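Note that chain A is present in both complexes that follow, paired respectively with chain B and with chain C.
Entry: the complex of A and B
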């Protein structure tokens, strides 16, 4: 039932995206593809932080793994995009398994620091082996629209389509996963690892699994980014990419998949808009490029201090306040912002009384 | 053999910078159980302030002192404004807030000073020293770097050991509740801890910037290696921070010298992972029970 509902939502979303992409110009189509890239990466990160309670500041590194896998497979083996996407996700998932094995033993600040170092360290490998990874110049990636669509078909629209398709599939998979036994187990280990272990859950394996799923999403996003920008270079996978993903996840609402959509929209559209406004007010390009970076910082701080629920959490509160019948299931967007746990029954973070069937919303 | 000696001595110089960052992290960690991911960015910003003062006055030492004072103020202000509200919350909230502070400061630096690489003057000559005819691979400035960090660490140790402010800092870190009952104003003490950490971080920024150039992200890699050093030493131990920094600096200098500089961050990651997997509480820690 849930699967059907998620599939139906995805089909509707796909139709809307198709209708929109036909209307939009080439640049907007490109932005649509970019949004799809960020939605996938942020959704994976959001599941990791919001559901399993682990943080990663290194998801840009997993994106790099996916992107370089894509470039190498396309260059040397001439794989098609539909084969490269899952392959890149799989390679990044393998990387996620390695990091996750280490991460399962770490908590909080240690994990954050280790993944931060990963984000800083991994891109330097591209410079160490320029023969394979192309050094600073990077590798180029080309995906052409199929000839059957006609010679006049805009390339960016094709990119928007394949990226949107990949994003929708990812979201459906994640939504079902979050509703499944695995998703419930993740929430259990997030809220109380000891109790979860006593209940027979394999805490370490569940943590590693969360990292694998999350890294696979990041790897897929990296593959999508590679075909969208037709270039894979170390400069695309800086620390600020990882932090932009974190900002998107936090702003959207941790642990919610719709929140990832808000996050992706903001991360792609707002910097472009801010940069446009800043340059039109006579600020130099270098200054304008730094305004969004500072804005990420403000977002992270303000959201954490003032409304740790994020956009999606805020929308849910509005819905519960103004709709005549509140939605049957009010989700908790994540363990992370849960300091106000005990604020009473109105708090979206209340813990359900013992025995209440806990089924959290994920979208 | 000469090469080995050069790499070792050069590594000590870099290691002392990692040690300074590690020391500032340990100071904050002991007091608030928060890792300040913005420490490197704060150091970068105070170094920009130093550069501005130096270009205006022409005096290195005026810039040096102003940057240290700026670090002190920046640390205190950060604690009072954005850290205080998350001190009592789950650890991930503080992680996100300090990460936010990191990018906010880097963004502001990019807006104010631009993104281009700038060279930062060294306090002393950077030409290599010789023992007889053997090049040592270090300069007077490297000696100054090592000496300055060592002096700062000793001054800090003396302060903790012999002054009443140091006693209050230790009391608040040991047990904030009991300290409060005994009349220690824990809030102020925490602010002081952050201010001191800001000062040590600013020192690290001043010392390393002649080698790395100065740009908004210039302290990122230094910071993560400082973090690694702090973890190697155990986040609770100031001595461990210094030793961890030295070990890391020397080892990474061998890696950079013999294998290539691009591998340095990767080996830092390997070292961090190894320590976290084998002895997660660090080399210099005492074992604590964990309350569940």
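Entry: the complex of A and C
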């Protein structure tokens, strides 16, 4: 039943995206593909942080794993994109399993530090082995629209389609996973690992599993990024990418899939939009160049002040305030925070006890 | 997962629709402006629109972010003096932060949404490699790329791309020829950036310097500022001359680290990492961080380098006078350094090419005009442009830094990128700048 509902939602969203992609110009199609990349990566990170209560500052590294897998498979084995996407997700998932094994032993700032190391170190491997990974220049990836669509078919529309398809499939899978027993177990270990262990849950394994799922999403996003930008090079997977993903997840609303959509939109559209505004108002080069970064910071601050649960959490909150039937029913497991319950002593969203930093911001 | 719990059709549909509306509203009118069937993208009766990707923020921004405003300053000068056959140049340069994925994004925006006529002076090897195939597949002229990689010189694969600056292989050969001549029999050590820039440079050096003379080859990666081990190894090898293919920050680190070890070899540094103004600033800043006070100009004194543009110090040069005038009128806040000179000179070359492309320029017409050869202009050696060569400047002079300015030593040398091509003295002379300042 849940699966059917999610599938139906995905089909409707797919139809809307298809209609929009045909209407919009080629550059907007390209941006749709970019948004899809970030939605997938952020959704995976959001599951890791929001559901299992672990943090990662290294998701850019998993994206790099997926992207390089894509480039190598396409270059050496000529695989098609539909085979490469799941393969890249699988390779990144394997990487996630290894990192997850270490991560399950670490908490809070130690986990953040360890994953940070990954984000910094892994992409520079490409420079160490230029023969395999093409060094600083990277490897090129080409995905062309099928000839049956005609020669005049915009390549960017094809990119938008395949990326949107991958994103919708990912969201349906994640939505079902979160609804499943695994999702409930994750919430249990997030809220109180000791109680969860006493109840018979294998806390360590659940943590590793969350890392695997999350890394698979990042790997898929990396594959999509490789296809979208047609190049895989270490310069694309900087620390700032990992931070941007985390910021996107927090901005959108941790633990919510729609939040990932908001996060992706903000990351892709805010800089472009602000640059357009800044240049059309004739700001000088040096100022105009830094305005997007400043605007991004302002958005981050405003969202955190006005919507501490991210955009999605904020929208829910507005809905509970202004709509006659609040969509969040009290007492449902995994319900959303509403205006009154964030400080209540029984709230599952209460501040975590001191020393459990990894649970900060999980509500 | 809170939302999944009640993920409903209307919610998802509304959210997706809202997001697409947001995407659609992003910037408006640009998309449909290329409407008329026969029109050339980016060209109207009054304007030529060109675009670029530049590192205006991020790690490569210091220094390099001066280039595009300097180029724009020269375009403004041209616009104020009648434009190109009456059309004014509008130069839109977008920030890519030296991140190749962002380069792809901004170049798509320039080509698909802003409908630029050409991409001009896109900066950086890894960044531009991300878009070179796309630009050629879309038949967008990709002219005067701001990178010395000889990879752009490939008319079969990249018919629409043109390099401009002296490529690193040629530069390596010229530096190598100088060392062979002036440091015969001395022990030579290499210090180079471990990417295409440094490796191409070393390739060129090896074509000229006898292998037995090279006693140590040390590389660095730009993300690791600890050059101590590399410099110690160079010192231990007994090198008397250090050739450095490094960016300015690492030239400064090399110099300071060697100084700390009490080692004082002769330095031969690539044009990329030897701009005296930039270098002096960095030396002072780095030394200050380590708690020492140094004089930048004293430390750069005696560094041997090469140059393919006249130096700011040659005040009698007509090109320097022109570029100084443009700088003072349109870009006065920028320092008078190598980046600003570079930006103005490459802009001049573009204006030359546009005049050559004629009164009704087309994209193919611009490519044909450049491939037909460009007059020398502000650079000290001729261009190699032809149907089979899209490289750019063919040579440079050698110089020594004295009191913060590069002083030319000897003639201009030209060469090619092959191992057998000789380094020869350029016998022609540089034409004077036109009095109007317009090509």
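Everything that follows uses one rule, which is that the second predicted complex is superposed on the first by the 298 of 363 C-alpha atoms of A that agree within 3 Å, B and C clash if a C-alpha of one lies under 4 Å from a C-alpha of the other, contacts with A are read in each partner's own complex, and residues count from 1 in each chain.
Just so we're on the same page, a contact is a pair of C-beta atoms (placed from the backbone, for glycine too) under 8 Å apart; a residue touches a chain by one contact, two chains touch by 3 or more.
Here the structure is a predicted model, which means the values were calculated and not measured.
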item: Partner chain(s) touched by A:250 [first = chain B, second = chain C, both, neither]; value: first
item: Partner chain in contact with A:196 - chain B first, chain C second, else both or neither; value: neither
item: First, second, both or neither for A:124, with chain B first and chain C second; value: both
item: Partner chain in contact with A:87 - chain B first, chain C second, else both or neither; value: neither
item: Chain B versus chain C as contact partner of A:114, first or second or both or neither; value: first
item: Touching partner for A:231 - first (chain B), second (chain C), both, neither; value: second
item: Chain B versus chain C as contact partner of A:139, first or second or both or neither; value: neither
item: First (chain B), second (chain C), both or neither touched by A:188; value: neither
item: Partner chain in contact with A:273 - chain B first, chain C second, else both or neither; value: second
item: Residue contacts on chain A - larger count, chain B or chain C; value: C
item: Chain B and chain C footprints on chain A, overlapping residues; value: 124, 127, 238, 240, 286, 289-290, 292-293, 335-336
item: Parts of chain C lying in touch with chain A, wherever the complex brings them together; value: 1-9, 11-13, 15-17, 19-20, 22-24, 26-28, 30-32, 56-57, 65, 68-69, 72, 92-95, 98-101, 104-105, 108-109, 112-113, 125-127, 129-130, 133-134, 151, 194-196, 221, 223
item: Residues of chain A defined as touching chain B within the complex; value: 49, 53, 55, 57, 102, 105-110, 112-114, 116-118, 120-122, 124-125, 127-128, 194, 238-240, 243, 246-247, 250, 286-287, 289-301, 304-305, 308, 335-339
item: Residue ranges of chain B in contact with chain A within the complex; value: 34-35, 37, 82, 85-86, 88-97, 99-111, 114-116, 216-217, 220-221, 224, 227-228, 231, 260, 262-266, 268-269, 272-273, 276-277, 280, 292
item: Contact set on chain A toward chain C in their complex; value: 5-6, 8-10, 12-13, 16-17, 20, 23-28, 30-32, 34-35, 47, 50-51, 124, 127, 135-138, 140, 142, 156, 174-179, 183, 225, 228-231, 233-236, 238, 240, 253, 255-259, 261, 265, 269, 272-273, 275-276, 279, 285-286, 289-290, 292-293, 312, 327, 332, 334-336
